[in-house]
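Same chain, two partners: subunit A is paired with subunit B first, then with subunit C.
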Partner chain A sequence: MMTQIFLNMASAVPDRQVRVSRIGGRYLVFDIEDVVHIRRHHGMCAVFVGTMPQNPTQSILLSVPIELYAEEAKLLVDKKAAYIVDDAADHLSQLKTMDSSARKAYFQSLKSQRKAAQRVFDDSKAKDRARHAHKVPKGKALPSSASAEVEDSLFGSGTSAPASVVAETVRLPAVTPTASNVLMPSSAMSDTAPIKVPPTYPLYAFLNARGYYITPGLRFGGDYSVYPGDPFRFHAHYLATYYGWDQKIPMLDLTTSGRLGTAVKKGFLMGAEKPTEEQDAEPDPTGKNVRVFCIEWAGM
Partner chain B sequence: MLQCTLGECPILTTTTPRVPLHQIYALPVPIRTFPLPTFYPNNPISLLHLAYAWLRQVVSPPAAEPSVHTGAWDPDTRSVHINDPKSIRALWEQGFFGKGSLSRSEPNWLKRELGRRAGQAGHVSEARTESRREERRNAKWKRAKAELEAIEQQRLEEASLEEARLEEAKLVEARLAELQAAEARVRATPHPAPGEATPPRTPPMEPRPPVGPAELLALPNSLASLAMKHILVSVERTYKPPVGPAELLALPNSSASPLVAAASEASASTTPVPVEHLDGVKAVPSSLANGIVSPPASVASANGSARSTSETREGQPLKRRKSVRFSPQVESTTFQHHDPPSPRHSAGGSPSRTTSVLVDEARDTAVVAPSPPIIFQGEAPTPVPEAAVPVGELANKEHFQLAPEEAFFLVFAVGTLSVVDPVMLAPIPTDKLLDLFCAHSYYPPREISSPSRSLQPQDPFLVNYAVYHHFRSLGWVPRHGIKFGVDWILYQRGPVFDHSEFGIMVMPSFSDKRWELVEHEKPKKSWSWLMGANRVLAHVLKSMVLVYVDIPPPSVFEEAMRHNGGIAEALKKYTIREVMVRRFSANRNR
Partner chain C sequence: MATTTKPEAHLEALTKIVLNNLENQHDWTGAKAHTQANLPRPMIYGLPPKRLYVHPDEQIAIIKAEKNRSERIPQPPEVEWVLPLHLAEKWSPAQFAEVFDAINAIPPESNNEEKSADSENPDAQWKAWRGAKRGKRLLLATVQDDSTVIYYFMFDGLVKPRQN
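Right after this comes the complex of A and B.
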């Protein structure tokens, strides 16, 4: 059996409602704070699917939003740590009902973002200047300031100082907002449509409740690959496959998975959920009815 | 049962010249043919030759052989058992049918066993595989050992460097002390004359920011940490010692804990190592109040480190930083019955574990007398001292197993096998045999006698047999591929000649329109299954072939079975398509 790692997550989880946008049947999280939160406190890393605005032509490094699998979205909702928003409808309705004060506040927030960006640029520029200041030989330092004045006079625009002031006040850097949470501060209507999860959901919930990190296991011919901690730090320990409680497991599956698990140094983990008496009972978010076993290949 | 004495055992008569493999395995199926020579009308001598050959075969027909072998159906293992050694050899050598029940494929248990008892590994494939694995294990262990030694070497070098730096730091310290003393002397003279002997180059010692390396080294905490580092390095491994009583109690062998506590107390009272360092620090004149005398905190830390080192030397099982351990010996994975359950797998906490690996290894090899069969570091494999076992007569405990598809091929297509009922010992006719095999291709086996039960075209046996027959008749040697997670693996000539190139997965396909009206089981194969199976095959350098079998609808099948001559006609209704699958990754396959 697997060792059970109980992270005392429940005690340390700050109360935060993650906004999950449902767009085209996919579950996306746009806010970077939310991304950090669910990775740290709910053990879900999901997949970054957004391009980087600085470098849009590559697909090696991606950025927000992250796309949650249906299992993850459902688990978050079941744990009451997130709410689903149908983003298209939500945007339309909220933008239509916006009054002028909200609009003003939005523009104000945009402006403040741009100012903040300008401040960051200025700071870094000042730092650069400070770093290169000692490189200028001392003998040249005085004439250079003098020559600046000369240059000004040469170009004949006597209004150089005011022009720069104008540039600083007017030409703030353009900012593309990555999330629209400023635009819509209130989480108006959460979408209550049921989330369609694959039948493997109980196994996912079971493993997640025990502190494992889970990524899809298609590469290894299983449902999930299961990490004992953040995948940045660990290799996967298990190759998890879900079966029905009474499902017959083909012999070839056992040999394939067992052999492959051994070859990539992972345990082949099988899990199934015991059917409950109630017919339409929702699967339990802690997966307490799930039984799992691990199979290892032994050289006889 | 085959009785074989040691004297006439084939393995020991190695002086006989070896027959080349292609002669032993010349025939593709267990049939021998005696063709008449070709007759050329323009060459009258060929007629003579023909007549001679014919007459010779009429007068003295070729020696009768057991051309029809007998096997018994075994419902428990779902295979056909063959016990006659001649039949076994014939079926194996002529077409690579079946497998030995105690062997990987070729039935050579007896050969292996005799070889083992005589203390030599025979030329059997299992032994070769075992030795190859042994070699690989040895190589891996040697590599790991070399890496470990390199790390050890590096550590020693760094320790010596550290010592040199410490020496340098002491020198610098001493020089600083001299300088300070000189300055103090200079200050003691109240009003020096302008031309008098103040040291001209020494600047006045004011509190300056410590910029140079010497000053940095002379700072209090860095010195203390240096000393600490030095101590730790001298023990050559840094372990985190269990210091608190709770941790000590939590140790696995808590009976040793009083000893540990005593040791720690003793070390606290004596502290042999850091005394000289403390002395060294205290020897600095106290006038250097500007931050060279080590504060009490650093003394305490030095003490702490000393305790830790002495405890490390005491050598109770410590919690290591990494739990990777290299056993000093490479152990074989084959265990005999008389082997102890775990040979010398002590807890790894023997007191000398902190000493270097080489010493450990030497002692281990010296001490352990009753060694299990271990090949150690290229030593010659010592013969197993098992001469006491009576070698004289040895019954062959192995039988030969034919899979249902192989048996049916031999019965139906080639006609060289008759399968008998295990109870009645009467041969089973071909159509009954087909029913039997089809019924047993389900689990649990279906009833044969029930009237509702008749052959269905989608019976797994029929589908598998169609594939088997297809590849056999094209000259391939198909064998069961369960150990690679596929239905069949294909050899071009046979397992003794080459590795198999292809793994075959049988995919029943209900492509005929008339199947929509008939209820049938839908084939369910998932993507994850495909990825897994493909990856397993890629590991063993085989290609995956999906063989789609278009199954005829029941009406067509029944028609062929009833009116057109039975299974031979019905099998013609199956069509087979092969699709080779290969994983393509844009990054890798450039």
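Right after this comes the complex of A and C.
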């Protein structure tokens, strides 16, 4: 059934080029549409790393951007589903060549985003009011609407200009765009510098090609945690570790990993890539030369 | 004796320890050392007192079949492969691959009357897991110096874990 799902998934991949930003040696995806696309069609959930400016240390409600493993970035590029952009250089060069009409269009788009945000606020406030309307006694209706006004001005304090000057915009909430795709609709320069992947790349490619989702494996003491589908819906099946084809593995390592895997109801998966005849060949994106073994406690 | 310095002597002793442990601690029957030209060392096969491994998908097939016939399906043990190893050893994936390539999924002397099971009958789907559908697996029997032996299943390929 797993392969069935995978085949369906593979056959219906819409043509989309995901913009991957290379920033400080990390691979980030900012556009939520791209995030959804690679999760749905390429089996990559990556790690959400975006937090709130007001509370940068919180780590339970993380959002875009997502940070891709180098393996994931390389696999996407190899599958021609993404392109890498050196974000700092790209921003600078595009901003320098921007004409006034593009500037105007950008400000206009910001304004429409803020208007959209205001609409959402208004809608939810209206819903709240409707829900609580029957609870409030008639006599006390006045003070509650006054407090709602205070709330309005709190949300509307997005701009520092005096309220009287820009009366129209002062009520619009401030919006911090999470992606600059409006500013730069197309990336002129794709960064073709090779992506340095860890030696575990063949195992990643092998598992991804078979429809498995992968998250970092440190919490189970391996290279990867391997899920049979989206981690929102499934528990991990394996904790996976990559070894060299001729790498000598101490038996104690296999035993401890097997023991841990069984304790958390997973299999310990060890994978290795068989070297091919061709010298310095690129790793295969389907991991066809990878051989895997699974280890579980025998219960005796 | 001069033979004690030979590496085969060490393997012979290792095999004996595991055989002894299987027979006397785990009540296996018919446990036998098995040598083969393309195997790097002797292996063991034998019959455990109760069934050691049921694939999760086989379990589903069994439950379905049991629902239809409203009685439990007996699960006799299967003959298993055993690979004796010492804790101090280090093996590479290439070596494990060599062992798996050399063995059949079903060890010799298995009484696979299920092999000829009627594949048309959906009620007998579960039987295929004892024959054609059985993947290659072996028990890693790891020996420590105090003669503790621990057993781990090793499967060839992606085999999903059991729901213990």
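Just so we're on the same page, the second predicted complex is superposed on the first by the 235 of 300 C-alpha atoms of A that agree within 3 Å, B and C clash if a C-alpha of one lies under 4 Å from a C-alpha of the other, contacts with A are read in each partner's own complex, and residues count from 1 in each chain.
Here, contacts are C-beta pairs under 8 Å (C-beta built on N, C-alpha and C of every residue); 3 or more make two chains touch, one makes a residue touch a chain.
In this text, all values refer to a predicted model and were calculated from it rather than measured experimentally.
Of the two partners, subunit B and subunit C, it is C that touches more residues of subunit A. Of the two partner chains, subunit B is the only one touched by A:D223; subunit C is not. When the two structures are aligned on the shared chain, A:L260 is found in touch with subunit B, with no touch to subunit C. Once the two complexes are overlaid on the shared chain, A:L252 sits against subunit B and subunit C alike. Judged by the touch definition given at the top, the superposed model places A:A272 against subunit C, while subunit B stays out of reach.
Common to the subunit B-facing and subunit C-facing surfaces of subunit A are residues 251-252, 255, 299.
Residues 210, 228, 237-238, 243-252, 254-255, 258, 261-262, 265-267, 269-272, 274, 291-300 of subunit A touch subunit C in their complex. Put simply, subunit B touches subunit A in their complex at residues 333, 482-487, 527-533, 535-536, 539.
Of all residues in subunit C, only 26, 48, 52-53, 85-94, 96-97, 100, 139-140, 142, 150-164 touch subunit A in the complex they form. Remark: subunit A residues 217-223, 241, 251-253, 255-257, 259-260, 263, 299 touch subunit B in the complex.
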